[in-house]
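Below you'll find the structures, each written out as structure tokens.
Presented sequentially are two complexes of subunit A, the first with subunit B as partner and the second with subunit C.
And then the complex of A and B:
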């Protein structure tokens, strides 16, 4: 059978579309493509709302049903999971309006206030870390954490999406070097995510946190996500992080900046006392 | 609800009958494996040789034939390492080496190699690289084989009308008729037109995946190749 280019392209397109007949969903368009499948925008006819429909190339496998049961404010809620008539698995998820983390970090707003400040970036990473910690406590891992799988919503809400199923290859820049993926591989990806949101010349302590999480040696990484989160909190509170043995000068500077007000007051008190002492002797 | 389209209902894709490529070779069926490969790759290889080495029709045919004829002798399958490349890429590179050697030998025979080749008067030669043409022909042939499977299945399963509707709509190279016009042409409700199309596309997809399974080394390569195929 001879197929013209236009017929071939048409077939490539229509054979790829998920067959939603017999479901409550109506296809509206494609949102994006990942390693395991395609995400579509669809309309739930029964509830009259829009959803994100992820159609997987593979059958629903491994821990996918477990992930569907994860309920956390930073994990995109899955409304329904099932199998299409063509054998492909699908999830219907909350459709999140917002920007992917890679877009969010590089955005220029219309008000011209530029990309988000470091404090805001760290807030997003901490939110992602909390979601990961929760998933790990339930025995699930992400497998493919990267900026493209994190959404920042219109109201600042953070969602981790695209929880991986067995067999996902991961994305090279965020994938741990070991062949078998586990919770520490997610920690590696979280470190890579942290590094991604940091400025070109990051505070040394934060750079050290990212490097520790991304150690090639799994045993040298944080034992769990809570360890990384604790280091981020320490940094934000002006304390020393575990990931970095800071030089004395840096310690003094950190001590000064953490106790600046008190030190200025003490200095002022000492200066006043000093002046009064000499004034009294005149 | 149409039983063909019910979620979790009867599926019109079949349990796989194709072994992975290397499994078939390991099971002592290299001829069967080669047959599958040749069915899918003959045309892409032919086209690649024509464009890459600027061979005329007959020479390209001979080289293509020669490549497949000697594949088993050269332990073609044994040398394939799925960790290094997809089978498609491996085969294209093997063809390139084979044809380059034959090309060089031909030049030597003609003393000096100042041979003029027949120009390829095809638009594709100017706009498409031989590698892109190879991939395009691969897609085309994969769908052509799957369409043969679909038509045969429709004939044997009493779904001739489904095929006719699908053929009239999805295989139409010109302007497509509306669903209403097709419904009138075949004396069926418009909803049946959309259901038949959905069924045929779904079943075609199954056949495409099945054909692909027979020429890939395993789940991962299969999935990667499938994701390159869909638009």
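And then the complex of A and C:
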């Protein structure tokens, strides 16, 4: 009996699906594929909730304990880890409803108010940086930070996903040039992530922060994530960033915009005094 | 530095500067000393109240409004005292007093620390 191509495709797909017998999960569909494995949407029969189920190569099973150690509001929590009947490792984690950062930045809302404002984009990057700083303080590094691995939830919550393990190559546009990856390689990726969310013509100070983080020379990058975060905070508070020696004109403009209200009040005072003086001399 | 102290200092300094501008009017030069003291005191009162307000309400807009209104009211008092001596300088005193008050109110909102509350 001949089988049509569509039936063959269907059989191939079914054969590739993980066998979840013996687990509490019921497969509902595929969410995405990455270098480390496949993520499925599944239902936890015991608790009646939906989860994201990541099925890994057995060799990469060390990922779950690594992430489980990282308890942080911006890191997707692991509910359970185990092994499938076929020997592959899996772990169940919180299913985040929302958009990946690349989709989030490029989205057009139904209200037609366009993609998120720079302030919102920076909030997301800062949240990612906080998660990264936390992971580094626990001795873990991400290894594959990119917009596709950052989720922005329905309530604005930010989650960093797909924490890497030894042997992960990273994604070219976000991967540091050095052969061995460490915390400074994550800083490089964070700089690339910042550059990604910035508009085509970014504020020069922010462009400089991204460039410093993405410096080819590891020693020229920020020493730690806290340094990059501090520069982002300085920018948002209208202060000079360490990554950029700003021209005098820019300094004056920044001073004016930071103190505009006070300067307007002082100007108003001077004008009033001036006018009253000459008006009284008439 | 707490907000009341900020208001006090800003009020005294700005009040003194405002009072010192009386030097440009030859008719007020002989009494510049008392104008300086009076204006500084007026600024100090505005600063004190603005600082107290800034501890209660964190809003630059309302800080400016409160400072400006206080400055205007106190300046009105000074101008009214002046008027009893037969000199009508309402505009010359009240308008700068209004803006000085606004600047003092602004300063108390932007500078100084809020008191630490223990729960």
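Criterion: the second predicted complex is superposed on the first by the 259 of 282 C-alpha atoms of A that agree within 3 Å, B and C clash if a C-alpha of one lies under 4 Å from a C-alpha of the other, contacts with A are read in each partner's own complex, and residues count from 1 in each chain.
One rule holds in what follows: a contact is a pair of C-beta atoms (placed from the backbone, for glycine too) under 8 Å apart; a residue touches a chain by one contact, two chains touch by 3 or more.
Just so we're clear, the structure is a prediction, and the values are computed from it rather than from any experiment.
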In the overlaid three-chain picture, which partner chain does A:23 touch, first (subunit B) or second (subunit C), both, or neither? first
Just to be sure I read the superposition right, which of the two partners does A:265 touch: subunit B = first, subunit C = second, or both, or neither?
second
Does subunit B (first) or subunit C (second) touch A:82, or do both, or does neither?
-> first
Touch check for A:6: first (subunit B), second (subunit C), both, or neither? first
Of subunit B and subunit C, the partner touching more residues of subunit A is B
Worksheet item: Of the two partner chains, subunit B (first) and subunit C (second), which one does A:276 touch, if any: first, second, both, or neither?
Response: second
Shared subunit A footprint, subunit B vs subunit C, residue numbers none
Within their complex, subunit A touches subunit B through residues 1-17, 19, 21-23, 33, 35-36, 38, 57-58, 82-87, 167, 169
So, in the complex, the side of subunit C touching subunit A is made of residues 21, 24-25, 60, 64, 91-92, 95-96, 99-100, 102-103, 106-107, 110
Touching subunit A in the complex, subunit B uses residues 1-2, 4-9, 11-13, 136, 139-140, 143-144, 147-148, 170-173, 194-195, 197-198, 201-202, 204-206, 208, 219-220, 223, 226-227, 229-231
Note: in the complex, subunit A contacts subunit C through residues 261-262, 265-266, 268-269, 272-273, 276-277, 280
